[in-house]
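For reference, the structure discussed in these notes is given below.
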Amino acid sequence: MSPLQGCLLVSALLFAIGFAGAVTRRHAILALVGIELMLNAANLNFIAFWRYGAHPEALTGVMFVIFSIAIAAAEAAVGLALVIAIYRHYKTSNLDEVKDLKG
Amino acid sequence: MSLPFLIIAFVTLFAAAAAMSLRNLVHCSLAFVVAFAGLAALYLNLDAQFVGFAQILVYVGAIAILIVFAILLTRSGDTPNEAVLAPGWFYGIAVSAAVFTLLGWAVLSSSALPKEVSSAPQTTVKNIGEALMNKYVLPLEIIGLLLTAAMIGAVIIALREPGKTKMEAGELKIDKTAPPSSILHPPSSTALTGGHS
Amino acid sequence: MLGEQIIKGMAVTARNFFGSYVSKERLTTVQYPEERLVPKENTRQFPFLVYDGDDAEKGLRCVACQICEKECPPQCIYIVKSKDKKPDYKGQPQLYPLTFDIDISVCMSCSICVEVCPFESIKMDTEFELSTDDRFAGLLLHKQDLAKPNSHYHQVHAQDAKDSDAVIAGEKAKAEAKARAAAEKARAEAEAKAKAAAAAAAPAPAAPPPPAA
Amino acid sequence: MFEKLDQIFVTLKHLVLGYVPEALQPLVSAVLSVTLILSVFPGIFAIVTIFERKGIGRIQNRYGPNRVGIPFTNIRLCGFGQFIPDGIKSLTKEDIVPRAADRVVHFLAPIVMLIPVLLAYAVLPFGRNMTVADFDAGLLFFFAVGGAVEISVFMAGWSSRNKYSLLGAMRAIAQMVSYEIPLILSAVTVVMIVGSLKLVDIVAAQNHYTFGIAHWYVFTPWGFVGCILFFIASLAESNRSPFDLPEAESEIIAGYFTEYSGFKFALFFLGEYLGMFAIIGLGITLFLGGWTSPVSFLTWIPSYVWFVTKMIAIVFVFIWIRATLPRLRMDQLMNLAWKLMLPLALINIVVAGIWHFMGPDWQRWLVCAAIIFGAYLVLGRGLMRHQKLGKRTYRYAE
């Protein structure tokens, strides 16, 4: 197994863990955390392909990860603001109970 | 597959699994911090220094704190008594296991992956900065716009609705059915003895 | 301008900092074990027992009347009366305390014992360095620890000691005057009786003793 | 002779490494450097606690500790031996954990506090050729590990299950997050001018002299403002007075320390002071020329002596401020960060850009100073008029 394959396997497992968490946990914050883990698994893929790929001097993977981290930060901020707004409205942060379309 | 890589990967995956499976949300968020620090270490192991440090700065310094604040603001810091998993948790785990099996099979049997290990690329912060300012200047500007929009949006979403007092917003509630305590009804003798026993 | 007052405040503290090295008057701290403040005239810490003369056993003013024991609010005084009597400064035979203990870990320095004592025998001391490593036995003062000469009282509270001496001298003088008067009277009576006896030409009976005061 | 003295630690390290097999050399080199840092800075911490108590005492016209010198002798050393009994006391005290506390997190918090703080020392240039890990993105590394301190503060506050601890932790995190922005923005000006995130390069850029005076960035208009902003932000980052709301003893009983005792408390205390030294070290490196000497005729003094001297001098200013200024209120704290320091830091970045593009001309001094001073006046006036900052007003209950 080459180092690249090791990285990709780690990233696949991380993605699976994040996916499982995001799908199965009831709490809204943990769903967000699961999505963050999935994003980071993708970032690890980018870095691994940049490091062991053909043209590391082009910095494509690094750039992608930098932008991805910035987007993840924005996503976390908006997502957590949503969680707080939902909590304020429904008095719960359990995703299963938040199903009313009418306020 | 060096030893440091294996150790860091194990720690990262273990922390990620803990973050997704612990009952207490604060423990989850702390495990999440460990997972992201481990990912930063993986980036450093892959010679991506700038990205590793940025990962620590953004995830440990900012996002983890945001999550912690959100946990405390939604009053979910205590260990819940009811189930933490959604009713259909089995299907979710089955699907994610299937995803992992598929991805793992693809990675291990792929012939497109470069087999030889190239030497560590020489990247400096200067290179990254120059690339950001020349080739990637448009994405950079868009990211700046996105961050501003996200910040304003987050503030507006989390803002308390205007014109409502705390009482109307439902934060302060007076339970009218409850009997008034203290002065009018002196505590009963059982309460007194209960207090002293 | 914003920040002006901060600069002013910093200047004040800097002046204090350097000033404390230059002028010793700024420092109000007393370096305690080496330097000590002169105690105030009214300093009171814990009670002690006054005795006259040199012998603590003989000159102890206390007559074990137990008023202080009864009055003491935290009840830190413990007295055992003697079986025999010995003469006090007035020459009258009096009881004396076999045991006189004060638990100063309980004492609250209220000096009620001093106020109620009719014999000027218990007074307040100024000694405060009484710390000990034995918190039970070490803080229970016995008669021999408590008994201090009158000169010590003069040393710690000169004016009060003078007043107290005056009271005692007055009492003594009164008692002596009374005794003298009684003796005078007895003698007069005896003489009268002797005269009467002589007149009766009978052997004189013994003079009755003067009634006890 | 003086050059040898300057490089004595480097030479000694190379000497020791000569006796070590080649495979182990990186490890031994790291261990040596870490040992030196771990012995020098806690030592400075011990001395500084005494300086702090004595200095505050003198400012308040007291003596401060002046009894303990060398143990078992009568030598008093003006009380500078006080840290030995203090240390023994805190190490042997009973370690109390509240029954409701989260034991694991409660135990880990002081350790998590100390690790990032010690990591931050890795990139600081203590002297000529004396940097443990000269990362290409050293400044970024420093800020990244500095951000991890907040997590430990939260861990300590949350795991204690005490409302004061949690309040203190929330205050501390809000304060650290707010002041991290002016801190980083004021450091960005230096990065713009030097063109490198490497701290060694930043020191090298300040290491030349005109008329015998060094080119420290504090002597330029943007550098001066940046230095002051960095200084205020570092006061807030290290939770020092007047920004010591997180551990305000009179309101929330030492905040997130409340439930800590004995050795864990000592670790927190150590972590806080080491964090303060680290951030002061970074400030020195960025604005005060790092290990360089201020005037050219004093360059013979060893570089690490300059570094430590500057650090101690700034620590003295910290102590002086602690003894002078009262504690801010929470809204005043936030107003200062977001309404004065953040705009000023942003304007300062613009000014640094103007400075860079006007070239080595004397007019740039005038232009930059005028812009900065004008901005300061306008911001200060505006804030004072709206009673956000400035004189305190007192309202009494009717």
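Should a chain be cited, it is by its letter among A, B, C and D, assigned in written order, with residues numbered from 1 in that chain.
Convention: contacts are C-beta pairs under 8 Å (C-beta built on N, C-alpha and C of every residue); 3 or more make two chains touch, one makes a residue touch a chain.
The shown structure was predicted, so the numbers you read here are calculated from the model rather than taken from an experiment.
Touch-path distance (fewest steps) from chain B to chain C is 2. Two chain pairs, B-D and C-D, are compared here, and B-D has more C-beta pairs in contact (counted per touch definition above).
Set against the Cα centre of chain A, the chain with the most distant centre is C.
A straight line joining the Cα centres of chain B and chain D is 29 Å long. Chain geometry summary: the mean Cα position of chain C and that of chain D are 62 Å apart.
Separation between the centroids of chain A and chain C, computed from CA atoms only, is 85 Å.
Rounded to whole angstrom units, the spacing between the C-alpha centres of chain A and chain D is 34. Taken residue by residue, chain B touches two or more other chains at 50, 54, 62, 69, whereas all remaining positions touch fewer.
Taken as a contact graph, the chains are arranged in an open line, each linked only to its neighbours along the path. By the definition given earlier, chain contacts exist for A-B, B-D, C-D.
Put simply, chain D touches chain B in their complex at residues 102, 105, 135-137, 140-141, 143-148, 150-151, 154-155, 158, 166, 170, 173, 177, 180, 195-198.
Chain D contributes residues 55, 58-63, 320-321, 323-325, 340, 376-377, 379-381, 383-384, 389-391 to its touches with chain C in the complex. Residues 1-2, 5, 9, 12-13, 16-17, 19-21, 25, 28-29, 32, 35-36, 39, 42-43, 46-48, 50-51, 54-55, 58-59, 62-63, 66-67, 69-71, 73-76, 83-89, 92-93, 95-97, 99-100, 103-104, 107-108, 113-115, 117-118, 120-123, 127-128, 131-132, 136, 139, 143, 146-147, 150-151, 153-155, 157-158, 160, 169-170 of chain B are the ones touching chain A in the complex.
Those residues of chain A lying in contact with chain B across their complex are 1-10, 12-21, 23-27, 29-30, 32-34, 36-37, 40, 43-44, 47-48, 50-54, 56-57, 59, 61-63, 65-67, 69-78, 80-85, 87-88, 91, 93, 95-96. If you check the complex, the residues on chain B that touch chain D are 26-27, 30, 33, 37, 49-50, 53-54, 56-57, 60-62, 64-65, 68-69, 72, 77, 124-126.
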